[in-house]
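Working notes for the structure below.
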Amino acid sequence: MAPDVGKVIPVERRRTCLHVQEIQTRARVEFQDITSQIEKIVADSGIRDGFCVVFTPHTTAAILINENADPALHKDFDNFLKRLAPSSGDYAHDDGNCDAHLKSALIGASKTLLVENHRLILGTWQGVFFCEFDGPRRRDLRIKILSD
Amino acid sequence: MAPDVGKVIPVERRRTCLHVQEIQTRARVEFQDITSQIEKIVADSGIRDGFCVVFTPHTTAAILINENADPALHKDFDNFLKRLAPSSGDYAHDDGNCDAHLKSALIGASKTLLVENHRLILGTWQGVFFCEFDGPRRRDLRIKILSD
Amino acid sequence: MAPDVGKVIPVERRRTCLHVQEIQTRARVEFQDITSQIEKIVADSGIRDGFCVVFTPHTTAAILINENADPALHKDFDNFLKRLAPSSGDYAHDDGNCDAHLKSALIGASKTLLVENHRLILGTWQGVFFCEFDGPRRRDLRIKILSD
């Protein structure tokens, strides 16, 4: 790219925002809708377009992107994951929360979302959930936004 | 970093590209190879090196990175996910597509790929699939590329 | 943003680092802790804050973020995934490694981590694992870091 010789070019620096979001869960297993909290962080960041990574540093929790319209679906997610990873299985890890680690591995600790016009790109029925599998606990998410 | 005093420096701005990719699926469950479509978006973007996020705003669909050499494998993926999440389970969510939400949660709505030399970094047998779990439908993916 | 007219502005360019990490696995199924290797790549890159994508180009392997404190947990992950995807199932894909593809799809080929103060953001008990499901083999990971 040729420089505009003799002219100073304004430099738009990339902007990022790293946010720690506290979450209090109230049951052993909980699917907490955190969409509005992330939308607020995106809006407050002033970043118009970019990427948003939601990361849980907890190994018995996960981040899920799925439907947030029907609360009944959470019961189905709970039953489904319980069937795959029963809480009372014959586990070598004897902290009593092995099922929670397995569920966390299936759903995943990190998800990348897109930001457009100061909002998350999400489908009509789509939300972001913090999945607690070994609660109730106080949790700290990391949410990082990178501008285009 | 010290400025080159008295000299104007050319500024290479970061470049991004957000693309909406239409997908038409033809069966209830389908693993549609979208690798060549994403490669075309990467090539058209002019971005040489960077990141590529593939995101589905649909909650009964997912993005999968896996082998695209043997079509028989799709049948195995279908059977495997059906066994984990049967279509006729005892579900609280009564839209008749609860299994599709569960499969979507397992495979994931968002995947991050790497771009090098105007191409996706992929293994020899590796491709990117749009996973339809509640089709046939018309779907709109979001594909965003960020340059280094 | 208004330019500082008549003054040359130092330009801090974004920095990225793409690293190929060789992995040698020693069993058919193995959960190899690669946290210290990624931390070294982050430290060597000189990038203070940013994003780190860990990607496997292999379709019978995956990247897992979970507890790295109790080695017994690996046995549980192995048993769990074996139960979901038995090695001797009735599969259409007849390479003898169909179970490995299914496990890879569940855990995922790509994970995005956050970098702060030249280190990965990880919980106290959290690590990054290369999951081998069809070893022993020599594998090549791609690890890319993007500065803020």
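Order as written gives the chain letters A, B and C; numbering starts at 1 within each chain.
One rule holds in what follows: contacts are C-beta pairs under 8 Å (C-beta built on N, C-alpha and C of every residue); 3 or more make two chains touch, one makes a residue touch a chain.
What you are looking at is a predicted structure, and each value in this text was computed from that prediction instead of being measured.
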{"item": "Self-contact between copies chain B and chain C, residue sets same or different by half", "value": "different"}
{"item": "Cα superposition of chain A on its sequence copy chain C - rotation in ° rounded to nearest 5", "value": "120"}
{"item": "Chain centre separation in whole Å, for chain C relative to chain B (CA means)", "value": "18"}
{"item": "Junction residues of chain C - those touching two or more other chains", "value": "8-9, 11-12, 14, 84, 106, 108, 112, 146"}
{"item": "Footprint of chain B on chain C - complex, ascending", "value": "8-14, 16, 18, 53, 55-59, 84-85, 91-95, 98, 101-102, 104-106, 108-110, 112, 142, 144, 146"}
{"item": "In the complex with chain A, residue positions of chain C that touch it", "value": "1-9, 11-12, 14, 49-51, 64-67, 70, 72-73, 75-77, 80, 84, 106-108, 111-114, 116, 121-126, 146, 148"}
